[in-house]
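Two complexes are shown next, each including chain A; its partner changes from chain B in the first to chain C in the second.
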Partner chain A sequence: MSDVQSVLGGASFDGAVKVTEAGVQGMITLRGDLGSEALAKAVKSAVGLAVPAPLAVKSGAKGAVAWMSPDELLLTVPYDQAEAAVAKLTKALADEHHLAVNVSDARAVFTLSGDAVRDVLAKGTPADVSPAGFKPGVIRRSQLGLVAAAFWMTSDTEVTVVCFRSVGEYMYNWLCTAAKPGTLPIVS
Partner chain B sequence: MLLLTCPNCGVEADETELSAGGQAHLKRFAAGSSDDEFESYLFHRSNAKGVHFERWRHSYGCGKWFLAARDTNTLEVFGTYPAQTPEPPKDLIAAIKKKRPDWKGFAK
Partner chain C sequence: MSTRLQTGGTIIDRGQQIEFRWNGKRLRGFSGDTLASALLANNQMLLGRSFKYHRPRGLVASGAEEPNALVGLGEGARFEPNQRATTTELFSGLTAQPQNAWPSLEFDIGALNKMMTRFFPAGFYYKTFMYPRAAWKHVFEPVIRKAAGLGAAPKDPDADTYEHYHTHTDVMVIGGGISGLAAALEAGRSGARVLLVEQTANFGGRAIVDGVEIDGGDAESWINETLKTLNEMDNVTVVNRCLGAGVYDHGYVLAYQRLTDHTPDKDGPRHRLWRIRAKQVVTATGALERPLSFAGNDVPGVMLAGAVRDYATLYGVSVGDRVVIATNNDDAYRTAITLHRAGLIVPVIVDARPEANGTLPEQARALGIRIDTGKAIAKVKGGKRVTGVSLCVQAGEGSVLEEVACDAVAMSGGWSPVVHLWSHCGGKLNWDAEQAMFRPDPKRPPTGADGNGMLHVAGTANGYLDAASALADAGQAGRDAAKDAGFKPAAGTAPKAVSEAEAPILPVWSMPQGAGVKLQMKTFLDYQNDVKVSDVRLAAREGYESVEHTKRYTTLGMATDQGKLSNINGLAILADSLNAEIPRVGTTTFRPPYQPISMGAIAGSARAELFKPVRKSPVHAWFEDNGAVWEPVGDWRRPYTIRQAGENQKDAVKREILNTRQNVGLLDASTLGKIIVKGPDAGKFLDLLYTNMMSTLKPGFCRYGLMCTENGFLTDDGVVARLDEDTFLCHTTSGGSDRIHAWMEDWLQTEWWDFKVYTANLTEQYAQIAVVGPKARQVLEKLGGMDVSKESLPFMRFAEGTLAGIPARAFRISFSGELSYEIAVPASQGRAFWDKCLEAGAEFGIQPYGTEALHVMRAEKGFIMIGDETDGTIIPQDLNLNWAISKKKADFLGKRAQERSHMTDPDRWKLVGLLTENPADVLPDGAYAVDGTTAPTGIKTTIGRVTSSYYSPTLDRSIAMGLVKHGPERMGEVIDFPTTEGAVIKAKIVDPVFFDPEGEKQNV
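For the complex of A and B:
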C-alpha cells in the first residue's frame, strides 16, 4: 500500500478565518443521465443519498453527493473506499451510458472556518456568496483566486473548497493571503 | 460587467465565469459544400452594433454551452436559451422587436 500524501500535508493557517488543507478525500466523478432510475439507485447505494437538485449538495453518514452539471455528479467517500465505490457504480450502470472515475488524486480540498468565510471567498470569486445565494446545501462552481474551484458551506461558518491538485499550493497561498488578519471588513 | 443567466444550471454568471463562443446559429458547411460556402462558414461573421446572437460556455460553472441575445452597443441582455435551439425563440424575437423597433430582425 502506497503512502498517500495530500498536496500540502495538512497545512493550516490561523488568520481572519482558519485555512486548513483537509487531507486526502475520496472523490468520484459520475456522469450519466441524472434522471435515470438506475443512476439514482447506484448513487443511493454508494453514498446513501438521493440525486441532488441543480446546484445542491447533500451529505450523510456514508459520504456526500454534489450536483456539478446537468449530466455530472461529484460523490465523496472516504479515500480508501473510492476504488471500490467506482467498481460498484460501474457494475450497477453497466447497461447505461455513463462514466465513473476516481478523481481523488486529482484534487485538493481546503476547509475555511470562521465568521468571515464569505468575505474571504468574495475577494476572489464572481459567484454570489451572500446568504441570499450561498448557504449550506448549495454548491457553486466558479473561479476562486482566478483558478477553477467548487465550494460549499458545511455550516454557516465553514466552507469546503475543492480545486485541482495541480493548483493546490497556489490555492492555499491565495486563501492564506485572502485571510490575512486586518484585511477584512470588521466582522461582528 | 456582463451577467448572463446560464439556462443549464440557472446561475446568473459573471462574464469571468464564461467563455465567449462567437456568433450563434451559423450553418455548418463541410464536405460537399462549395468553396464560397465553406469560406463563409469559416471566416465571415456579422459584426453587429446592436442586437446580436452569441454562443457562450459556462466554462467555470457547469461547463455547458448556451446561447444569448444581447445588444453589443449597450450590453443589454435580452435573454439566454439552450444551445440546442436552431433559431432564436419567437418570444425572444418579439421581446427584442418591442425594445428595438428599428431592428431588422434575425437573419440567418
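For the complex of A and C:
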C-alpha cells in the first residue's frame, strides 16, 4: 500500500471553512437496472444498504451508496476492498446486464468542515445548496468552479466533495480560495 | 457656485470629515457623501469633457443615470476608468482623475473639435474619411483611435479579488425604495424565501427627498421600521450596494454587489456577482427623470430637478445660489420649494404648460416664487458654468423675451419608469400618452419555463408616479409574486402613503417647440456621445426610420450610460421628425446589464491558477521537477520533451528518439482515453461505432480501430482490447476521451436505446506507462511479476498480473514501431510505477521521452495522428486506411456517407510520404504543393499539402507526410512546395512508411 498516493497527499487548509484532501477512497460505479431485486441484493451485500432514491445518498458501517443517474449508483468502500467488492458484485449480477467497475483511482476526494460549508459550495455551483435543496442524505452532481463535481453532506457542517483526479489540484486551490478567511459567511 | 449648506443632509455625517483627492487637489467631504456630492460641495462643477466635441461637462444627475461625471478612480493596480461619481461612495484617501481631457480639464485641446461641429454630423464615421482610401488606414484611423475612448485602460493587474455566489429564492425583489420594501414585506409575510437587493447604500429611494408620508408618519420612520421587520424575518435576505443587473430566462438574475468599494482597506472580495434563480422576480426600480431639450442644456450647472433636490436634501449641498427651474410637470416644483426653504433663490420657474394650478405650483406661488407658464428656455448662457438663461415662449421659435441671471438650471421633462429589467427577458411596454411614458404591459410579461409570467413590476417602475398608488401597487406585486411562487399571501393591512396630487404633464420634446436648426445644434440628447437634436433630425431626413438604425447611425444611447437619459427624448424627436406616433417608433432594445459591472466580477475567482483547470496526470509532478517543456493536449499538459541540464529542446528530442530506438524509452501515456463498453450487445455496438470489425476480436487480443462521424469523416482512433466476452476497453486519443464517451452515450441513449450496453469512462482510473524500445522486455523482466515473453505476450495481445508488486494490465501495442508495452496501473500507484521503471531501467539506459519524440517516431512509421493527418474533412480512404474499413459489415457510422460521389472521387487528395531533395530541408507544416498552373484569379493551383513534417534523427534527414492529388499513383515524382519566404522546396512522393516497413522491430 505504500505505493498508493492520493492526488495531494492529504493536504489541508484552515480557512473560514477547513478544506482537507481526504486521501484515497474505494469507489465503484455500478450501472444496471436499479429496480431489479438482484441488484438490490448485491448492493445490500456490498455496503449493507438499500438502493437509494434519486438524489439520495446513504451511508452505513460498511460504506455508502449514492444515486448518480437512473441507471447508475456510486458505492464507496475502503480503498483496499474495492477490487474485491467489484468482483463480488460482478459475480452476484452475472445473470443480469450490468457494469461494475472500480473507479477509486479516478477520483479526488475532499472534506469541507465549518459552519459556512454551504456558502463555499454556493460560490461555485448552480445547484441549490440551501437547506431547502441540500441536507445530509442528498447528493448533487453538478459543477464547482469550472469542473464537474459531486458533493453531499455528512453532517450539517461537513461536506464531501468528489471530482476527477486530474483536476484535483485545481479543485483544492478553488476550494481554498472559496474558503479564504474574511469571505464567509456571505449573508450574516 | 456650488457649496455645502449650513444645515441639512439626511445621509451625511457632518461629524466625520473625509479627505480625498480630485485632479491633484486635496478636498474634504463628509461620511455619507458620494464623490459627486463631495465635489459639488467643493464647487467642482466642471468634471469632464464629452466624447466627441470635448465640451465641458458637469453633473446632471445624482444616481446611476449620470452621463457625464465619469472619472478615473484609484491608482496603480487599483486604477479603474469610467467610474460614476454619483455612484461612488466617498472614502478617506479616495483619488480620482478627470478623463478625456488633455492637457488639462480646464484647457482641453480636443475642445477645438467643437469648432468643427459642422464637420462631425450624425454618421460622420460612415461619411467622412472615405477618400483617399489609403488615408483611412494611415492617417484618419490612427488619429481617431487616439482621440476616441473614455478613460484609460488600467496598466497593472487588478490587485483585488472577486467571487461568484449562487443562490435560489422564491421571490427576488430588485430595488429598495418604498415600493421594493413593501413588496418584499408582503412576499416575506407569505413565508416565501425573499431576496431584496438595493443598488445604493441606503434604502427608501426618493420617498425621503420627496417628503412622502406613510401611515401617518414620515417616510424615514416607516422605512427604518420596515427594514427592521425584514431583517428579523428568517426567510428574508436584504442586501444593499447590490445592483440587480440583468434578468434572464427561467428566472435567472444577475446581481452585482460592491463589498469594499467604499472601504478599500477591508479584506475580502471587492465585488461579488450573485447568480440567482428566482421563482418570481419583482422589479421596484423606480423612475428616471428626463432632461428637457433646450439649447445649451449641457452647460455645467444644468441639472435634473430631482438631482438638485437630492443634493440639497440628502447631502446638504447647494448647486448654486440662483437656480432657474424649467419644467413641464408639477414634480419640479418640489425642487423649487426645497431650494426656497433652504434659503436659496429661485428667480423663476419656467413652466412650458399653459397653466400651473396644482397643489405644488400653488404652494410655490404662496412662497412668492415667480412662475412663468407657457414659457421656455431659449438658450443657456455660459461656457464652463451657467451664467444665465434667456427665456422665450414655448409655442414660438425662440425669440428672447428676457434674460435671467442664474448659476444653475434645474430641469424636468417628466419621469420615465425604469423598465429595463422588465424588458431584458421579453416584457413588453405600452405607451401611456397621458403620463408621456412607456410602462410595462402587465398582460405581456417575460415568461418563465412554464410559459407563465415570471416578473412583476412594483410601484413607480410600473408607472405609478405618486407615492400613494405606488405603494399600493407594490404591496400587490409582492403578494402576486408570492402567490405565483406557490405561497399564500398573508392577510394584513397594506401601508398607505400620502403625497401631493399632481396636475398632468405636458409632453415637451423640444424647447421651444419651434426651435430652429441653430438651437437644435446646441440641444443635447445624449451627453456622453454628444448626440444633438439636429443629429436625430438629420438621420430621419436621410431615411433612418427604425429607431435601432438611428441609434447606431447617430450613436444615441450607445455610451456607457446606455441612453438612460436620452432614449425617450431621442425617439420622441425621431417620431416627430418622421411624423409618427411614439409607440410606432418604439424603444431600442434594453439589454443587460442595467449598469456597467466590473470585469473582475464577471471573471470571479477564475484568474491565475484558477483561470482554467489544467488536467494533470499522476506523473505530472515528476516532469515538473525534471525539466519538462510543456505542451497543451486537450485540457492536459503533456511534456513535449524532457531536457537534461544544458540541453536545448531540439537536442533533447533527438536524444530521446535515438535512445528509444537503441535502448529503451519511457512515455507517460496516461492521458489516453480509456472507455469500458460492456454488455451482451457491446460487440454489435462497437461494430457500428468503428469502421472495422470489433465483434470478432477474441478476449485477450487488441485491435486498432477507426471511428467516423455519420458524415464519414475520421474523428478518432485507438486500440480496442477485449477484456472478456462481454467487455471491451476502447482507447481514444488524449483529447478525445470525453467527446467519444459522450458520443457513445448519445447513440446509446437516443438511437440505440434497446442495445444492452453500459459504458464507463475509466480514463483517469489508470496511469498508462509505455515502456518502449529494444530493451523494454528486459526492464519489465527486472520489475518482475509477469511473463512478458514473446510467446506468452505476443504483439497485439494483453495480459493481467502484477509488475513490481503493482496490479498491472500490459498491452503489447506500439505507436513507435519498437518493441513496446503499455502498462496500465491504478492511477494512485502511477507515480510509484513510473519511479520503479526508471530505477529498473537505469542499467538499460532508460530515458523518458515526450510528445515530440512520440510524434516523430510515429511519423517515421507512417502512423497517422488525429488532428495532424485529419482536420474534420478527411475520410479514412484519404489516408489509405481501407484495410481498416470493413466490407463485410452491413453498416457502421459513416459508411453511407463514404459511398457518396464526392467521397469516392478519385481526385481526392491522398496520403503519401514526402522526401525533400535536400535532406536538410524540413517542409513547413501545412505547406501547399503547386502544379505550376495559375487560376484566372491569379492564385496558384494547389495539388496537396503537408500534414506532418519533422527532422528524423533515426534516418538523419527530414521526413514528411502529406495529402496529394493522385498521390499514391505518382510515387517517385517530385513536386514543388513554395514557402512563405518565396523559396521552393522540392520533394519526392514516396511511401509514408519511412522506417522498418516490415514491422520487424515491434514484433520481437
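Everything that follows uses one rule, which is that the second predicted complex is superposed on the first by the 183 of 188 C-alpha atoms of A that agree within 3 Å, B and C clash if a C-alpha of one lies under 4 Å from a C-alpha of the other, contacts with A are read in each partner's own complex, and residues count from 1 in each chain.
FYI, contacts are C-beta pairs under 8 Å (C-beta built on N, C-alpha and C of every residue); 3 or more make two chains touch, one makes a residue touch a chain.
Predicted model only: the values in this text are computed from it and were never measured.
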Partner chain in contact with A:Ser69 - chain B first, chain C second, else both or neither: first
Chain A residues touched by each partner, larger count belonging to chain B or chain C: C
Partner chain in contact with A:Ala50 - chain B first, chain C second, else both or neither: neither
Partner chain(s) touched by A:Arg141 [first = chain B, second = chain C, both, neither]: first
Partner chain in contact with A:Ala87 - chain B first, chain C second, else both or neither: neither
Contacts of A:Ala122 with chain B and chain C, given as first, second, both or neither: second
Shared chain A contacts, counted only where both chain B and chain C touch the same residue: 126-128
Of chain C, residues touching chain A in the complex: 163-168, 193, 237, 239, 267-269, 272, 275, 277, 604-606, 609-610, 612-618, 636, 676, 678-680, 756, 758-760, 762-766, 805-807, 826-829, 831-833
Partner chain B, residues of chain A touching it in the complex: 54-55, 68-70, 72, 126-128, 140-143, 148
Residue ranges of chain B in contact with chain A within the complex: 8-14, 16-17, 60-64
Chain C partner contacts - residues on chain A that touch it in the complex: 2-6, 24, 29, 31-32, 71, 83, 97-99, 101-107, 119, 122-130, 132-133, 145-147, 164-170, 173-174, 177-178, 180-183, 186-187
